[in-house]
Each structure stands twice: as C-alpha cells, then as structure tokens.
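Take a look at this one; I'll ask things after.
Order as written gives the chain letters A, B and C; numbering starts at 1 within each chain.
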Amino acid sequence: MENDNINDEAKNLTVSDDISKKVKELENRIAALEKKDDHLTMVLFSGDFDKAMAAFIIANGGIAMDMKVTIFATFWGLDVLKKSSFDTAGRGFLEKMVLAMRPKGSGKLGTSKMNFGGIGPKLFKFMMKRKNIEQLESLINMAQEYGVRIIACQMTVDLMGLKLSDLIDGIESGGVGAFLASSSHSNTTLFI
Amino acid sequence: MENDNINDEAKNLTVSDDISKKVKELENRIAALEKKDDHLTMVLFSGDFDKAMAAFIIANGGIAMDMKVTIFATFWGLDVLKKSSFDTAGRGFLEKMVLAMRPKGSGKLGTSKMNFGGIGPKLFKFMMKRKNIEQLESLINMAQEYGVRIIACQMTVDLMGLKLSDLIDGIESGGVGAFLASSSHSNTTLFI
Amino acid sequence: MENDNINDEAKNLTVSDDISKKVKELENRIAALEKKDDHLTMVLFSGDFDKAMAAFIIANGGIAMDMKVTIFATFWGLDVLKKSSFDTAGRGFLEKMVLAMRPKGSGKLGTSKMNFGGIGPKLFKFMMKRKNIEQLESLINMAQEYGVRIIACQMTVDLMGLKLSDLIDGIESGGVGAFLASSSHSNTTLFI
C-alpha cells in the first residue's frame, strides 16, 4: 500500500507538473497576444499635409501611451519624408520630371481640401501656431526622437526615382513584408 | 506514513489550487482578448459624402452584429457632424472664413468622385432613394440611437474654430488618447 | 485510512482531469486568437490606380507570407474590378450615365495625384515596367490565383447599376456583414 501510495504521489506530481508547464506556455502565448494592444502600425500612403498631420499626431499619441509605433511610408507618403533639398543629378529623365513635380518634404505639402494653390497649408500652419499645435516638422522630429520606426517602401522609393539619402535621416527601407510583419502584431492598423 | 500521506494530500491540493487560480486568471485574459472581435474603431477623417456613407454603413453593420462601435471624427470628418446651421458670431476672422467655406452637416457634403459642383451627392441621394438605401442623416441617427460612440477630436474642433455645440447632439469630445484607448481594444480599426 | 487514501487519489485525479480539459479548451481559444495574425482584411473603397496598386501589392505580400487575405470592394473600388467591356443595355438612364462616366476596369483608372487627364497612369505603368514592377492587372490575377477572396459590396453594386457579371470572374458578392465577419478575425484591417 505504501508502494501504491508512492506511485499515486508520483502520478499526481507528473500530472501537476505537465499541467504547470502547459499553463506557463499558455501564459506566454497570452502575453504575446496582449502585447498587440501596445502596437500601432500605419501605412502612410498620402502626401497630403492634413493626412500627414493626422498620422504623426496619432504616432506621437501612441508614444505618449507607451505604444510601439511603426509607419510604413509608400507612394506619396514619401513626399512627407523628403529632405527640403537634394540633388537629382544623374537620375533618368522621367525620374527627374516626377521628382521636380512633387513637393520636397513636410514643409511643402498641399492639403487634401482647401489647398487653394498652396495657401491652405499656410493658413492651417498659421492657425495651428495660434492654437499652440505642434507643426508637422516638430511632430516628425518628436516621433523619430521617441523611437517611432519609419520604414520607406523600397519599391516606391525606386519607382519615384528616389534614393534613401533623399529622405530625412533615420528612415529604414523595407518591403511590404516588413509592413505585414509589424501590422500582424499590432492591434491598431491604419491606412492613411 | 499517515503523516506523509497527509502532507502529500496537502501538497497536491495546493498545486491544484494554484493551478486552478492561474487557469481562471488566464481564462479571464483570453476572454478580454476575444472581446476585441466585437469592437470596431474608426477614424472619420474625411468629409466626403461617399466616405461618410461608408463609415456609417459599416458602423450600423457593426451594431447589427452586436459590436461596440466607436467613431473618432477629426479634420474634415467634423463637417459630417455639424448642425445644418449654427451661429458663428464672436469667432475670429480666420475661423469664420474657414467655417463659411466648409459644408454645414451631412446634408451638404460633396462626393470624393463625380461631385460636379454638388450635383453628384444629389444624384446619389436620388439613386439611393430608388434602391431603398438609407440616407446618410438616417444612418447617423440610427448609429447614435443604437449606441455608436462618436468622439469629436478636440484639437481639430479648436483648430477649425468650432464649438462642440456646433455639432449634432450626443457627441463627446476627446483627444487622440481616447481614440487609441478604443482602437487598441478593437480588432477592426479603420482610417476613413 | 486506506479508504481515505483512495478518496484522495480520486479527488486529485478529478481535479487534474477537469483542469486538463480546461487547459485544452483555453489552448484552442488561444490558437484561434493567434490565427488572426495571419488574416488580413481590406476595404477597397478607392478606384484610384495608385491606391488599387497599394491594395493588391499588400494582398500579394500577404499571400507570400501565407496569410489569408480578403478584399471587400465597395463604391469606386468596384471600378478596379470591372471587365474592360460589358453591355449596359436594359439598365436605367441614370445607371447608364454613371456607368458611362466611370472607368471600366483596372486598365482605365486614374491616379489620385498627377493624373494629368490620364497621362499619369500611363507614365507610372511605363516607369513600373522599366523597374520590373508587376502591372495592376497581373497583381489582380495573381491575387485571385493564389486565393485572395474578393467580395463585391452588393449594395454599391446595385447602387451603381452594376451586375456581378460586369465584374471580372471569381468575385463573390456580399454585404457589410461579410466584411465585418472577416475583419473581426483579422489582425490587419485597412480602409483603402
């Protein structure tokens, strides 16, 4: 009987031990799922001043809430990240033409509504200053300083005849896979 | 031996008890994660008639599926929520000018395509009526009646020279933090 | 005492057994939650060439990463899926007019920026060819071949005077409920 008793004990311990391990494993998987609450991934497709404002206000809001923020900039969204000047010597004719027609950087963007040939953004900047709202350039700087990860879509960088060095510093380049790897672990995903 | 036996029993009970508590805790955490399936959070950035239609059709669809729906209206999305008339006396010159140029409420919005100086929305409303599709005003009313939470972005309300009382009743005001608190617990998140 | 001992054993086994079942149930629920990482649901609202490109590049990226991809096409997004020609005989006057004014299929879309009366898309197609980027038609074909589920919004199909047979083959029709059923099990949700 003592023997039986020892066997029982062994059995119980084994069962408990297996379950404990399993429960620990499940807890880790739950923690990984919960972490998505704190991840925010945005596609910045638009190069409109107002949409870029929205994207970077949300990004900085995320940072303020301790979230991990990733911005995947593609197509016209690259306009937002351009340096205010860069040399296009040595690029093809079409690339030069497209680059010449697109705004260079966050200071030159038009608005999606009420642009009025460029007066719209100036008006909004003036109104924003009066209301003590951070300007787009400051929002981008803050985002980068506080660790927002900005990925420039390599395919559209190539397509637009851009080089990574034409964009402000601290931008990674990556493909749609980099976006999806981030978005599939983010609870908040937006296409702006 | 009896003593040992009692110790074993105590040990087994403790292990089981701890595990039971842990399992219960994990179950609660899983239930919280599952609840996100039923949450839908949208940014309504656009003031276009067709995009506002899409947002409120999705919102009412969510309600029909017992989802908890939150709309965070910002920038031009505020146009959708304006009362059809309100007094702008006492506002600054720029605010008055911007307010004068923006449509007042859901009945005055243009479409993003085929607007034709305002004929587009009329055409669509006519076609919608013939197909028995709810009009935008009804969709907004229904959404509010069935508990869709609508938050007006305080920053853009201020920026546009608006007051919360210029918007239809039942709208909260809040910041980007309110949006992120909602979106980070929502499985479906959209920027419209 | 032996009796007690047997009781203890029975009790321990029962506790372990219940917990095992519960743990198994929780594991299944966690696995269901984890599956959302691999699901991607997009609303394709826009009929712009560049936005449609973005949607189908993301869709094919998802496929490459073994994701389950659903596209819910609504409003102007239906333009992207139209056959390049179809007969509008027998439709009402307004429907015919709207259909006549909208582009027929992915080969006829304009860009959201730099359209220049239709030169923009031609320019981009030329630049894309030079950079070996897949054309939109190929991206749509690939997406369909590799199992991207495309749902045409029944309400807007009706509204625009379309029939499902006017769209390319292999498109389902469905309502906003079909979209929400998919999005609420997808980690990445985008409105394009």
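Basically, a contact is a pair of C-beta atoms (placed from the backbone, for glycine too) under 8 Å apart; a residue touches a chain by one contact, two chains touch by 3 or more.
All values reported here derive from a predicted model rather than from experimental measurement.
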| item | value |
| --- | --- |
| Graph class of chain-chain contacts, one of line, ring, star, complete, other | complete |
| Rotation, 0 to 180 degrees and nearest 5, that superposes chain A on copy chain B via CA atoms | 120 |
| Computed distance of Cα centres, chain C from chain A, in Å | 22 |
| Multi-partner residues of chain A (each touching 2 or more other chains) | 5, 8, 12, 16, 19, 23, 26, 30, 33, 187, 189-191 |
| Residue numbers on chain A that touch chain B, as the complex places them | 2, 5, 8-9, 12-13, 16, 19-20, 23, 26-27, 30, 33-34, 37-38, 40, 42, 50-51, 53-54, 57-58, 60-62, 64-65, 67, 112-114, 123-124, 126-128, 131, 133, 187-192 |
| Contact set on chain C toward chain B in their complex | 1, 4-5, 8, 12, 15-16, 19, 22-23, 26, 29-30, 33, 36, 41, 43, 45, 47, 74-76, 94-95, 98, 101-102, 155, 158-159, 175-177, 179-181, 183-187, 189-191 |
